[in-house]
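Labels run A, B, C, D, E and F following the written order; every chain starts at residue 1.
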Amino acid sequence: MIHRFDQLVVDLPEPSGPNPAAAAAVQELMGGKFGEMSTLMNYTFQSFNFRGKDKYRPFYELICNIAAEEYSHIEAVSAAINLLLNGATPRIDRSKTPMGPSGKKAKDKKLAAKPAAAPKGGKGNPAPLSDPNVTSFYPYHFSGSAQTALPYDGFGNPWNGSYVTSTGNLKMDLLHNFFLECGARAGKARVYEMTDDPTARAMIGYLLVRGGVHIVAYAKALEKLTGADVGRLLPIPSVSNKQFPEAAKLEAEGLHTIMWKWNTSDAFAEIGKIWSGPHPEDGLELEVRNEMPPGFPWPDFPEEPQLCAPGDIDPDMLAHYARKLGT
Amino acid sequence: MIHRFDQLVVDLPEPSGPNPAAAAAVQELMGGKFGEMSTLMNYTFQSFNFRGKDKYRPFYELICNIAAEEYSHIEAVSAAINLLLNGATPRIDRSKTPMGPSGKKAKDKKLAAKPAAAPKGGKGNPAPLSDPNVTSFYPYHFSGSAQTALPYDGFGNPWNGSYVTSTGNLKMDLLHNFFLECGARAGKARVYEMTDDPTARAMIGYLLVRGGVHIVAYAKALEKLTGADVGRLLPIPSVSNKQFPEAAKLEAEGLHTIMWKWNTSDAFAEIGKIWSGPHPEDGLELEVRNEMPPGFPWPDFPEEPQLCAPGDIDPDMLAHYARKLGT
Amino acid sequence: MIHRFDQLVVDLPEPSGPNPAAAAAVQELMGGKFGEMSTLMNYTFQSFNFRGKDKYRPFYELICNIAAEEYSHIEAVSAAINLLLNGATPRIDRSKTPMGPSGKKAKDKKLAAKPAAAPKGGKGNPAPLSDPNVTSFYPYHFSGSAQTALPYDGFGNPWNGSYVTSTGNLKMDLLHNFFLECGARAGKARVYEMTDDPTARAMIGYLLVRGGVHIVAYAKALEKLTGADVGRLLPIPSVSNKQFPEAAKLEAEGLHTIMWKWNTSDAFAEIGKIWSGPHPEDGLELEVRNEMPPGFPWPDFPEEPQLCAPGDIDPDMLAHYARKLGT
Amino acid sequence: MIHRFDQLVVDLPEPSGPNPAAAAAVQELMGGKFGEMSTLMNYTFQSFNFRGKDKYRPFYELICNIAAEEYSHIEAVSAAINLLLNGATPRIDRSKTPMGPSGKKAKDKKLAAKPAAAPKGGKGNPAPLSDPNVTSFYPYHFSGSAQTALPYDGFGNPWNGSYVTSTGNLKMDLLHNFFLECGARAGKARVYEMTDDPTARAMIGYLLVRGGVHIVAYAKALEKLTGADVGRLLPIPSVSNKQFPEAAKLEAEGLHTIMWKWNTSDAFAEIGKIWSGPHPEDGLELEVRNEMPPGFPWPDFPEEPQLCAPGDIDPDMLAHYARKLGT
Amino acid sequence: MIHRFDQLVVDLPEPSGPNPAAAAAVQELMGGKFGEMSTLMNYTFQSFNFRGKDKYRPFYELICNIAAEEYSHIEAVSAAINLLLNGATPRIDRSKTPMGPSGKKAKDKKLAAKPAAAPKGGKGNPAPLSDPNVTSFYPYHFSGSAQTALPYDGFGNPWNGSYVTSTGNLKMDLLHNFFLECGARAGKARVYEMTDDPTARAMIGYLLVRGGVHIVAYAKALEKLTGADVGRLLPIPSVSNKQFPEAAKLEAEGLHTIMWKWNTSDAFAEIGKIWSGPHPEDGLELEVRNEMPPGFPWPDFPEEPQLCAPGDIDPDMLAHYARKLGT
Amino acid sequence: MIHRFDQLVVDLPEPSGPNPAAAAAVQELMGGKFGEMSTLMNYTFQSFNFRGKDKYRPFYELICNIAAEEYSHIEAVSAAINLLLNGATPRIDRSKTPMGPSGKKAKDKKLAAKPAAAPKGGKGNPAPLSDPNVTSFYPYHFSGSAQTALPYDGFGNPWNGSYVTSTGNLKMDLLHNFFLECGARAGKARVYEMTDDPTARAMIGYLLVRGGVHIVAYAKALEKLTGADVGRLLPIPSVSNKQFPEAAKLEAEGLHTIMWKWNTSDAFAEIGKIWSGPHPEDGLELEVRNEMPPGFPWPDFPEEPQLCAPGDIDPDMLAHYARKLGT
């Protein structure tokens, strides 16, 4: 059971303009095999399926807690994609646009720039999504989701359950999780290089830091279980988070040392048995905080009338019903 | 952002014994296109992607809140599957089993009944998962997940993102959700008939009632938006929840009239603008409760050593490392 | 554009009883890569996409005409599956079954034999789909389609568009079609051996003959185009249709020599330029008939109330609405 | 069983030139989950699988009849895609092109404009498909189908059988169909905005009107079955067809009020029990016509020699065979 | 480039009889995400894609060499599956079986036991694949592959390229490979418990040992690269190979300490820089052998005439052609 | 079992520069249903699964031998893709790039030309993969594989096991293989036209010739088995290899008449019973060579530091560990 807060875990800067290419790239971090849907669902199922909780309680709690944090990550990725797609095509309300003669083309054929700036169309018959330089980056964003996020990867393949590994063997699952987080880190670093958009990078920088926490957490868990110094493998890939300015700023604030508690109750009290000691990279002391991180308001996603999103009631139709129904 | 509580939304009776066939059937309610992964993910993405929140706030809050409740449903389905699979194969710890001569088969070849009751094996070389009458119902439960739930449907196809519809058009998305919940209800009713296991049916009965709440909620939402009396279509299919004893019992307690609030804060304050008035089936007054429903402890999932779940450290190995490492 | 006739191309004998295992096997002939969905959709798309019709009209017409016949084959496969599934589980109408106390199990736990013969259940709480010996052959038949056909193969994988080859190169597409029909023939022969059910075999025998016509047609087309004696490769596999009694009977009537015309107009007038001369196996003269074959009534698929198919309106609900609405 | 007519249901204007980006967008209407393959196959399977025909004959006939019409829609979508792709790359016949020295590149490297206008190449070694601005919109159109339609969606995912819902419960299936058509309408409206190509828009305008007929038909069916005023939900999304000039023109002619009969016989005689009364949007009287709509000739799809479609016999090869075979 | 030897890497005992359930279980080791197709293809692609060979030559050679060994593992898995399926259904040659009257059923309806022992059928019309207790374990084995192996997993899902990870980052890819091999080991151990068939277990025992070599190799590689004592994590899961008699026997012979060289040339000369030192479990010295391991003849897979595998030329057909062609 | 040689079967010219669009197109030849993964895996599984080797030994050996050659083809395709992607984005080592103030954008925003020529970035925060004109051709090349090949097709769909046909019926499998090679040839010819890049075309020209050998081999095999003159169908499509300069050059050297032996031993001694007589196109005598073709060194794939491929150890991290560990 969860409480859901209407807040976002990261304060994303408003983009200076739409960037549908960056949105397409960021989709990989949502629905790719190393994306946030994968981290969320792997830990979620592992936590549901945990056998022998009494014996291995700190490990159980760690997986539960990280699973809960991952929810905030699919939120962050969605918010970034949506921000990057706001206004990517001209805002034209077909039901309010005077039409030219049937079939007549708009005078100004190319309505959309790349990205589109301002609604146009005038008296003609608009085609607000018609610029293939915009809409062919990720066709589903335009034909499907009204310029918002979807559980698909960066090349249009849907996230699927085969990306979940839940073997029930604790050492195996912890190794998997450590591997998965490192793979996710590699993916984040690459998408970071695929865009210089400050909104996308702010989000990715945040994910690098918090995903880095998860890497260290699973490394520590494996160390507790076996004595192997897994942390010495880090960072994977070998470029430190400190090299990514947006991440470096957050690590300077110590965000990489904190394990938030995604629960107000006294549950998950044994996480500190794993999350403690020095951080393997910079030696700072790790800390469990008995609170969720501070949240930020979700950014506003304005109406996109050209996609009927959310769509008005057509006034002509309303009038018709009023007549027909006498209401 | 979420708080995650280590509780289950429904109090599932302990099964009298393992029932891997029922567990296989119940998987459809997890990863089928009409399963709980679908309801969870559809509303979750729609809530992330909502445009025009100010104008349509009650609708936004409704979708957020139901999305949060769906999380408790994937928990409930998982718990039921896991309970049904506990002990489905004989519990034999290979690392503690004296071996016969290499390659010699166990004397008692068929170790597992259907379902397996007690561990056997003795001095021979055990094959605890070898009964195809058990393990071929759902091979992944044995080769993959250590007798626990997976995000796959009842015939082994993985849940995937193509099951998510998030068009951004509010009326369209609400219609989708109403349809999806009705389809989910049809699926639940069928899986109910596929087993008479009290654990499975207790879980499904609960889902029928709470899924019924979601059906009514989306019907009410469409009614508010358009004036159409969508509730008159109900129930779909035409057999009432009252005909399922496990559901009838819960409806007698009024559970079908309550919209829980999956948030302690004062968020989602406008849900009552939609969830109000009489229930379309029995006319009882609908009610928003400013609290999450009471939770129950998760059932215990004992160790299944034959699957190394969670798996002990092999004592021989530990001794070896002790020698090698001098620790 | 099509006219659709409410008739079946083959007169299927009523099965002596349900046979869900045979129905599962026959699904391969529907949605497998060599199934009838594949033959239908390959030729349909090739006909839509044909370039250079004037130059190669007889080939175009042949593909169009065979595509049309394939429609009757997905009908035949569906009808056979549905017949085999009629009554496979006990017919119990939950809304008319008096219930015992909530949660109480039916006295007679195993309601369904394999296959189920007669409805049972009495006063208890029935579980008509609960026999895993029946419902685990093909779970979707019970959780999904109400004991009817689906566009999936024999192991639960959905038919998909990657099974369509439409290269636009005529020689290539004809070779593909010849190959596809031979692969389909191999599949039919195997499913024939997977059941001795007279209904399934009558259907498969018919498909062997008519699919054999398509094999010969594509062989002749390749021969016209290139001069190669492709027919000499036949039969593939090497067992003649004459060895399958149900097919042999139809070939004794000459059904393998007839190219029906799936159009009343004078379209497709040039098919005879390809479909002529001796049959490569038995030398009988090939013949184009300017008519569709005689049709047969579709068999009756009775209600399966345990699956709410088609489902009655629940009388209690109706009464409720009558009260509420005053109608 | 079907008769297949070599005609197209809509008279598509010849495009002024190739438009591969529009063709890519239109693929979503073919193989997307809300595309015409889905509407065709859903109703087709539901009609095959209908239980209780005697009791619910008008509903059965309605589904059969709409299924038949959908066939004309996959034709229309294919024809539009093919028209948009005609000539999209330069027409060069490799077997007739004098080659330069091995490996020497064509002088005029960029053979294809966007879209390509006229064949070029001269003495060099042509690369007619080499312009990524053309061929990367939808690679399968060039590597696979010779610039024609395929059963894939707008982002290259194949249509698959999981898009078919056939629950056997009549109310559920009708609700599904109503939902599916609304979803399809949303998709059509979006693809309409993705192009201002008159050919694509003429086709989509036609689909909006006829799909609108199906929406109303399923709404009426649900109303007959339950009394709920489902029609009041329309239009979904809320922009009327009257706002799309190409659709408005057809509705002005009353095309949205006609249920064509896709059968010459007196079958489907009871459709009028559902398709009658006023249209929910403009109140015009609904009408069943005992005939198929008038058809139009399929447009010509000229040879594309650069893709060997349909491909000539290489004269050198023919000469070789003549010598070798003495024929 | 490869040389292919017509030999098998492991000497599999002939099974005492067919075991289609075991064959189905073993498919997971072929086409599952942790199966041998995955290990083969991951290392193969990583070796093709290796950047910076000069700098990291020992790592490159190690991946190349292990990739080559994996080829022998898909052979071993195939051979085991095929052995387990030999004779699983009665051997009846339809073209040589006297037929009863058309449509008459075989007297002895159940031809196949589980597994089938001896061909039957007599004068009737045989149905050699008709025993669902045999053919529904893995339908593709009977409808598709003539009782042999396929690149699918244990529940009928095809192996696919999304199981390949080739990030180009050496540390990441090595971590992936270490993880993949551990996951593969978990899968092998589970399939081992799913059968006590000596043939299957001999094969799996061999894979456990050789897969164990790969685990250690990738652990050593990570250790060389980073200094972390990854080997201390082993074994994963925690049951030692010594507990599996078939594996223990091979480890007693030292097979777990040998890195074979899958190349006769002096290539891969630097592998010893990684494969050296003590084995992390038992401390035995690791050894590179400049030779491929000794091979064994492939077992014989006899004809299965009931599946036309490989299929005779039908004598009647031959006679016909002789007459027709005068040859 | 195989020996693996660290050599490439074709001597590919170094490209004059990166060509990511060509690399994307060539992916179809890797993972498309007609790609080299398909030819490799079809023949590989057929060879593992061959029944009746004694009776049909020449056919068995032919399939084994061609399967082995196909391995060299996935190498060739990979090498070409990798060459085309070398340097496609600017080479910037993030860990060595001085950073500007956190979040500050690089002055020179567009770092990558199409294709990118030289590393830039200076003091700013680089975004080396940020040019969507480069990275959106095939997103996985940049987010996933570090600019190298993957087992996916040209539109991002993974190769999968459903592309393998292994029916066990020899005539059927040979027909399949003949068809598959012709389909592969059609695909090669189209990708050839999709690029004029000399590296891609050299590779494709080679594949056309060697794939042509396989076409003739399977045609000959069918001819031996049945007497049909399958070779007369060739070429499919009808443009001769002689029309492709890169292929013509190789055929002028006779490469199309040679069956290499992918084995040093005296295995596969009976291939000559099939591979003999005149080539069906130009009548040259066919020849079996008891050797593998000469190999060429793999081209060098330089480091791509912007993708951390292969990735250096971050010096700061190393220093940190040195301090921490005292090593």
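Just so we're on the same page, a residue touches a chain if its C-beta (ideal position, glycine included) is under 8 Å from a C-beta of that chain, and two chains touch if they have at least 3 such contacts.
Values in this document were obtained by computation on a predicted structure and should not be read as measured data.
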When you check each chain against chain B and chain F, which touch both of them? A, C, D, E
Which chain is most remote from chain D in terms of Cα centres? E
Cα centroid separation between chain C and chain E, in whole Å? 35
Please report how many Å separate the Cα centroid of chain C from that of chain F, as a whole number. 39
Any chance you could list the residues of chain D touching two or more other chains? 144, 156-158, 162, 167, 169, 171-172, 186, 226-227, 232, 237-238, 307-308, 311, 313, 321, 325
Chain contact graph: line, ring, star, complete or other? other
Interchain contacts (touch definition) - all pairs: A-B, A-D, A-E, A-F, B-C, B-D, B-E, C-D, C-E, C-F, D-F, E-F
Chain C partner, complex, touching residues on chain E are 89, 94-95, 97, 99-106, 109, 125-130, 132, 135-136, 138-140, 142-144, 156-158, 306-308, 311-314, 316-317, 320-321, 324-325
For the chain D and chain C complex, residues of the former touching the latter: 1-9, 31, 37, 41, 44-45, 48-53, 55-56, 64-65, 67-68, 71-72, 74-75, 78-79, 82, 144-152, 158-162, 164, 166-172, 225-227, 262-265, 267-268, 292-293, 295, 300-304, 307-311, 313, 321, 325, 327
List the residues on chain E that touch chain A in their complex, please. 33, 157, 162, 165, 167, 169, 171-172, 175-176, 178-179, 182-183, 186, 222, 226-233, 236-238
Where on chain F is chain D touching in the complex? 21, 24-25, 28, 32, 137, 154-157, 186-187, 189-196, 198, 201-202, 232, 234-235, 237-240, 242-246, 248-249, 281-283
